[in-house]
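Multiple structures are listed underneath, in structure tokens.
Below, subunit A partners subunit B and then partners subunit C, in two separate complexes.
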Partner chain A sequence: MIEDKDRKADPNWAWAVYEPDARRPWTGTLAAHLYRRAGFGANWQQLQQAVAEGPQATVSHLLAPGSDVEAFDRTYDGYEGGVGSVNGLRAWWLRRMIETPHPLQEKMTLFWHGHFATNGAALKQTRLMREHLQLLRRHALGSFAFLLQALARDPALLLWLGADANRKAAPNENFARPLMETFTLGPGHFSDDDVREAARAFAGWFVLRDRLRYLPREHDAGTKHILGQAGEFTGEDVIRIVLEQPATPRTLVRKLYRWFICETDEPGEDLTAPLAESLAADYSISAVVETILRSNLFFSSYAYRQRVKSPVEFAVGVIHALEGMVSTTQLGRDVAGLGQDLGHPPTVKGWPDGRYWIDSIMLTRRHNLAWALLQGGDPYGDKLDSWKVAQRHGYADAESAAQFLLELFLQDDLDPDVREMLRRNVREDAHTDSAAALDRLTYAAVTLPEYHLA
Partner chain B sequence: MAHTRRDFLRAGVGGWALMSLRVTTPNVFANAVTAAGTRARDRDTILVVIQLSGGNDGLNTVVPYADDEYGRNRTTLRLPTDHLHKIDTALAFHPRMEAFVRLYHEGHLSVVQGVGYARPDQSHERAMRIWHTADPQRPERQTGWLGRVADHVRREVDGDTSAVFVGPIARPFALNAERAIVPCVRAVEDLTQRDSPREMSEVGGAGVNDALLEFVRRRMVTARAKSERIKAVTAWDDYPSFELAGDLRTIARIIRADVGIRVFFAELGGGGIGGFDNHANQLGNHGALLHQLAESLAAFVRDLERDNLLDRVLVMTFSEFGRTLKENGRRGTDHGAAAPMFLVGGNVRGGLVGPHPSLTDLENGSPKFHTDFRRVYATVLDKWLGCDSQAILGQQFETLDFFNA
Partner chain C sequence: MSIKTGFISGLVLLFFVLNLPASAQELPPAKCIPQDALICLHLSQPKALLELLAGAEMTEAITSLPLYQQQSSSPKFREFVNTIRFLETSLGTDWRTGLAQLTGGGITVAICPNDTVVAIVDAEDQSLLERLHEIFLSIARAEAAKQGHADRIASKEYDGVTAWTFDGNEAHAIIGKRLILANRAEALKTVLDLRAQKEGATLADSAAYEAAQRAAQAEAVATVFMNLEPFTNLPPVAEVLEKSRNNPLAALFFAGIAESFRSSHWLSVGLDIEGRTLTLDALTDGKVSGETSPAAFALPHKAGDGARPNLSVPRRIAALSLYRDLHDFYAAKDELFPERTSGLIFFENMMGIFFTGRDLTSEVLAETEPEVRLVVAEQQYDPEVGTPQVRLPAFAVILRLRDPEQFGRVAEEAWQKAVGLINFTRGQQALPGLIIDRPAHGQTKFTMAYFSTTDVEDKTKLETRFNVRPALAMPGDYLVLSSTDGLACDLIDALGQGGGAKQAPLAQTHSLLEVDGTQLASVLRANRESMVRQDMVKKGKTKAEAEAGIDLLITVVECIDGAKLDIGTRDGLMAVKLQAQLNLPHP
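Presenting the complex of A and B:
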């Protein structure tokens, strides 16, 4: 762990590339931290490879994992093609997260799903939600400008916001307002007049019979005054104008900071300024994400375990680490019961995060989900097997398998007395049934307070 | 090696999780657990909302039997006067609501009459949305009024789960929150940890200086304690076999466990076909639903009375609209407007609140409202839950007088 707390405020240090040395060594702890943030946690092979290759090579790999990604996405796009419900899409998406060769892409797709927070409950056609999620995935690490232009014409988003009919005579603010308030500028950086004028610029765009339509006679060709600029603006101009405002990159960077680095502390303006400048230059999402993931700050105690795992991160993490697959139809339901129903964010502001994920009923349900996944009966069946995974990686006796599992799930970073107790329990129980004893160890490990932190 | 999963259960998994739940500052947690155990928040009031889905016919629920207009407009749906349960010389409860008569005479039931809002919407979906958001001007609003209560509790006092939906249908929008998670509960097993714990063993040691980790640890201790308390409470069996009765039985059990949930939401009518939406052949179906409501609620009240809990509980019913005065030629009624709301509890004053709406001064064939539904909500928020109604409803409403002083 890098212990440079007093240096956090120094942007030059914070965003400089992390280079391991004797005082700040590269360890499995940091490798697992990287995989929790850039993906859904590491399995054993990923952890070992990351430790061997070092932080920068691992980040490079996470940003561009190689050529099999397109084939994987094509295959899954095909699976999703015949799905008839948003909950069906939810199941395939969870499966993608568990198996993907490009975890960062799925993690950023989830980020944008929370950011644009489109709820598919009222959509008549599942196709619209499928296309919406595919759009988020396609641009997840690309250009935010392209992403935003595409979403301004996305039927699922427009229908969800009630922005599917925008007439010249009655400009509809249902897209223009969240565009400014939630998707880009943030509260306090625009006026009601800006929203009204922007709505005029979007007049003419409709969703009719679930298809996007432009009706030229409904377009308002007049002059609009938006955020200090005047002109005969169209919707595309509005997007350009909000992207030119310095508040937009600042707001997005703060959100990315919270997503990747830390939920417990708001960063100062000085600290985020270099990232905001980088984003403002070309709106390249991957450039900012890359700077964050390679940085001193990312690998410091300011970031380590300073986020709460969302329900999706929690559930996918357990399954991915145990190299198994379960019914993600059931998993989608259970994860929804933990407060994160993919395809159905609660409001246009997306999901809560941080401490909001943790209340006593949600912790009880995380316990019960871990129990259901590991105990071997209905509804998940005997799909996850801690003992087999340990053996696969060469840990042939219960004692060493126990150490393996603690390393896999917690990188052994837990209270020494608790660790001793868990290992003693395995020693005592392994005489009768090693496999059950090790599944119990996994259950105990993933319900420890430390495991709920990302 | 043979891997018999049954052993997983036998060995008592929970003991592991529990014992490994290391308590870093034992005194604080010991206090937390003890405090929970002695019901320190004994005075917390509880709201139970029951949604009657489909649009309840208020006129055949609280019946204006002495009004000639009633008989004249209800040729087949008119309820026979000698079967009615009379409240006074003008009004009576439906024949199948005998349990409500007892509650009424015991002083546990208030009937707020003529509740609605201006320019009532007659689509089920939009009208229900208005009752759920409590915002007729902005029904597209993205949070429900009780969801905002849950958000308020979570934000202001970093509170634990404060609201739940109990029932078999999708969670009603009234509970949609921006930040707080409002869970759906089918049975108490949805709120208890699956494994059975061994003895709690406290492992000593140095604390970790990390606020977030400490927060999760604390919540974990609370979660375990609450789960155990819910398990320790047994349910009363003396309920009728209706779905709503089962949900109220679950709610009573959770109330008795005293785990800090202040708002419960249950529902009647949405699980089956039509529910209260009786456009044809209304008589039998409507009577059966009212019977379920009355009997289920009466059992709930008796259950709470056993432990002197009724004083802490307020039940409120609502429906998205009432129905037309005139029946429609198919022995049914169509979508209307104003209707009565019921309030049941140990602290309600009992009796009628406001006059019965006129049967000659109609709007779209339905009685007009005289009491905005948000006045009822505001009264419940301010005078019962102690939650600033202006913060939740966005404006100030004059409260009503249906609680004991």
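Presenting the complex of A and C:
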């Protein structure tokens, strides 16, 4: 792992492509790190393949896994078609995260769900939330400009924000304000006048009986003054203007930095400037994400285990690693109990993330969920089997299976004494019931502090 | 445990599960079962059951299942088949004949306190039984040798009988044609003591068992005796029985059943097989008769009274006919469900609004005869109107009015108020409302309401609400409240064609439920995709697993042509009769 403290602030070094060498070898540890950030963790096959192919080929594969993604998404879109509740969509989304051939796309869909934070409780029709999530997924790694233009016409977002009626006589600021404050510029980069004028530009757009409608007589065709520009602007012009502001790419890059690299300290302007410039050029999300994932900084100690796993990352990671599938209806409820109710972000600013995920109650709940997933009884049944997974990959005895599971879940991040204690427990218990002993080992592994860090 | 050992143990257990008349020198099985047995199953004609379960038709039905075909190629299944073949070769008979000879004398299984299970199997062929036992001993020894440890087979003489164990836990003995098996040695010893008529009371000496035997049909293929007292005191059972006190609908539908169980000491169930018809007859000794009984509203007052036969409509899935005096039911509400829940208060308030302040008990429910019928039927959809993605069955409640001339208008007004309230509430949420119409079917004019699909682009995948087109019809003396206009029309026809008051009541039957398996399977098939998806996310199954599970369910339902559950009273005791007509393919 790269540990050069002096070079962290150097953007040339930070964003240069990581090349493994003797001092910074490419190992399962870094491969698992890449999969935790660009997905929801790796299973054994992914881990082995990543180690064999090297970092850059693995990143390429994560960015463009191949043609089966389209078929997979089409199948899942079909499954979601008959769903009658947001909680039903939540169950299918969790299943999609576990099974997807394109984990980075789902990870970015989750990122945008937190960014645009639309709460399904405000919607009468499940269809709107389904279309909203599909829109986020479609543009998750595409153009932020397209994504923003599409969301400005998205009934789900407009209804959630209370921006479903915008009349010339009383412009509704409920979309224009979060657009500037949360979605793009960030606080301090616009004035109340900018918001008022932008709201005028969006006048005429309504969501009537859950359908987006444009009523020309309600549009304000007059001249507006927005962020230093004047003209007879429409909503599309407002989007163009906010995207032209340097603050927009800077805000987004800071958020992506926090999502992919580190949430324990804020990056300096100089460090993120190259990424912001790249994003401002064409608003290609995948280009910025690619730069981040291939970089020295991403594979450095500044990034390694520097994020707290969200409840979704925690739960999906365990299930995906054990190559199983559980009731995602139940999982949706349990993950909501851990503070991350998909489809229902708590505020327009999304989930607070970071250390807010963990407190004594939530930690206990995480442990309970891990035990519920592994113990073989209700409500998840015996869908996850550590012993079978180990055997599938050629680890035929309990001792080697224990080593395999520790490598799968924690790689080198385990104190040698703890590692030995865990293996000793398995040695002592395995002669009575190997499967139970290994499930207990998995439980111990995924409830260690190290596992809660991404 | 290997497949072979598991199969052998299973077969041994199966012996316990089937029985024939005791051989001349042996006592009847009940005289060897301890008196404290909680449940005792006695199969007096195992061959009849074997003929049905292992007959050509059932074999055809099972082997044609996709799940069977899928499993039959698995290594475990092949190992199982090889074990059967090995036994057939060793015993010189096919498995069906062998099983019939090994169990043809009857099977008795008793569950006693402290998780003790005792089984008595009477074979027809003593030599076959002894040869099989020898084979099991050889297999157990060979398995132990294969695993490199000494076998745990042991035998001991007790009271002139050799008692055996394969694994140190189970214990068994062969006495002539009889095999006695227990899951622990102490239980076998108790049975041998009872057989030797030493100390201890037997089940046959119990007054409850005697009473249950007298009540059961003598010619039954199988009987089950259950000592109810320990069960009704179990917290989960007590909770279920208590539920009817808190839930008005449970009190209405399960009238008499909970009351009977609360005061019963025993339950007797008899199984009869005639051709493709299985009949289960259940009786308890709990009294439910008398005008002071809380369930009196469900007890026919005169000898010839009872529920009417069910109404027959096209595509019927299920029908329920109840003898219920709704006036008496609601008048006794303080006794039946004393808790004034918020739901009950809301219900009464709404009824007050719908019926313009009329007293629900004496001015509304008193207008109905003690005749309540429900019908559930598969829907047909007009493609011009549209088809919902999830297709729900239609259902209807049919009541008979005492004075339809006078009460018809009151009911019509209440119904229209309810539709108006639904529309108002939906309107507040900016949701589309119902459009009321007054069409006619034959001579009967009725009221219906529907959601318009005019603005819906894709009419092949409508929302679930489009399953509902509520209707109110009043043909003759009857009031039909249906979830769809289609079913309302079918019921108007059924009531006009002699399905109404002309049908003689079923004496002393207070509840009659009928289910049509073929039609139910048709609904399941129509919703197969939705159910598969539900299983995937609710149970974490793969698509293939979910499809196999749902297809198995559909096949099983298809195997039941029809089922009929008749609940009533016989000599003041609760009597339940369940009849199932099997629909097996011809081989």
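Note that in this section the second predicted complex is superposed on the first by the 453 of 454 C-alpha atoms of A that agree within 3 Å, B and C clash if a C-alpha of one lies under 4 Å from a C-alpha of the other, contacts with A are read in each partner's own complex, and residues count from 1 in each chain.
Simple rule for what comes next: contacts are C-beta pairs under 8 Å (C-beta built on N, C-alpha and C of every residue); 3 or more make two chains touch, one makes a residue touch a chain.
Owing to the predicted nature of the structure, the values given are computational and were not obtained by experimental measurement.
Participant: With everything superposed onto subunit A, say whether subunit B and subunit C fit together or clash.
Facilitator: fit
Participant: Could you look at A:Trp371 and tell me whether it touches subunit B, subunit C, both or neither (first, second, both, neither)?
Facilitator: First partner only.
Participant: Touching A:Val308 in the superposition: subunit B (first), subunit C (second), both, neither?
Facilitator: A:Val308 sits against subunit B, while subunit C stays out of touch.
Participant: What is the contact status of A:Arg95 with respect to subunit B (first) and subunit C (second): first, second, both, or neither?
Facilitator: Second partner only, subunit C.
Participant: Which partner does A:Ser327 reach: the first (subunit B), the second (subunit C), both, or neither?
Facilitator: In the superposition, A:Ser327 contacts subunit C only.
Participant: Examine A:Arg209 and indicate which partner it touches, taking first as subunit B and second as subunit C; both and neither are also allowed.
Facilitator: Second partner only.
Participant: Of subunit B and subunit C, which one touches more residues of subunit A?
Facilitator: Between subunit B and subunit C, B touches the greater number of residues in subunit A.
Participant: Using the touch definition from the top, say if A:Ser434 reaches subunit B (first), subunit C (second), both or neither.
Facilitator: After superposing on A, A:Ser434 lies in contact with subunit B but is clear of subunit C.
Participant: Let me test your reading of the model: by the given contact rule, A:Tyr79 touches which partner, first (subunit B), second (subunit C), both or neither?
Facilitator: The answer is second: A:Tyr79 touches subunit C but not subunit B.
Participant: Give, as a whole number of angstrom, the minimum Cα separation of subunit B and subunit C in the superposed three-chain arrangement.
Facilitator: 5
Participant: Mind sorting out which residues of subunit A both subunit B and subunit C touch, each in its own complex?
Facilitator: Dual-contact residues (subunit A): none.
Participant: What residues on subunit A touch subunit B, complex-wise?
Facilitator: 162, 174, 263-264, 305-306, 308, 337-339, 346-349, 352, 355-365, 367-368, 371-372, 374-377, 382, 385, 387, 415-418, 421-422, 425, 429, 432-437, 439-441, 443-444, 447-450, 452-453
Participant: In their shared complex, at which residues does subunit B touch subunit A?
Facilitator: Per the touch definition, subunit B meets subunit A at residues 1-5, 7-9, 11, 13, 16-17, 19-22, 140, 142-143, 154, 158, 160-161, 164, 176-181, 183-184, 190-195, 203-205, 208, 210-213, 215-217, 219-220, 222-223, 226-227, 259.
Participant: Within their complex, state which residues of subunit C touch subunit A.
Facilitator: Where subunit C meets subunit A, its residues are 389-390, 429-432, 461, 463-464, 529-530, 533, 536-542.
Participant: So in the complex, which bits of subunit A are touching subunit C?
Facilitator: 79, 81-82, 84, 88, 91-92, 95, 124, 209-210, 324-330, 380-381, 383
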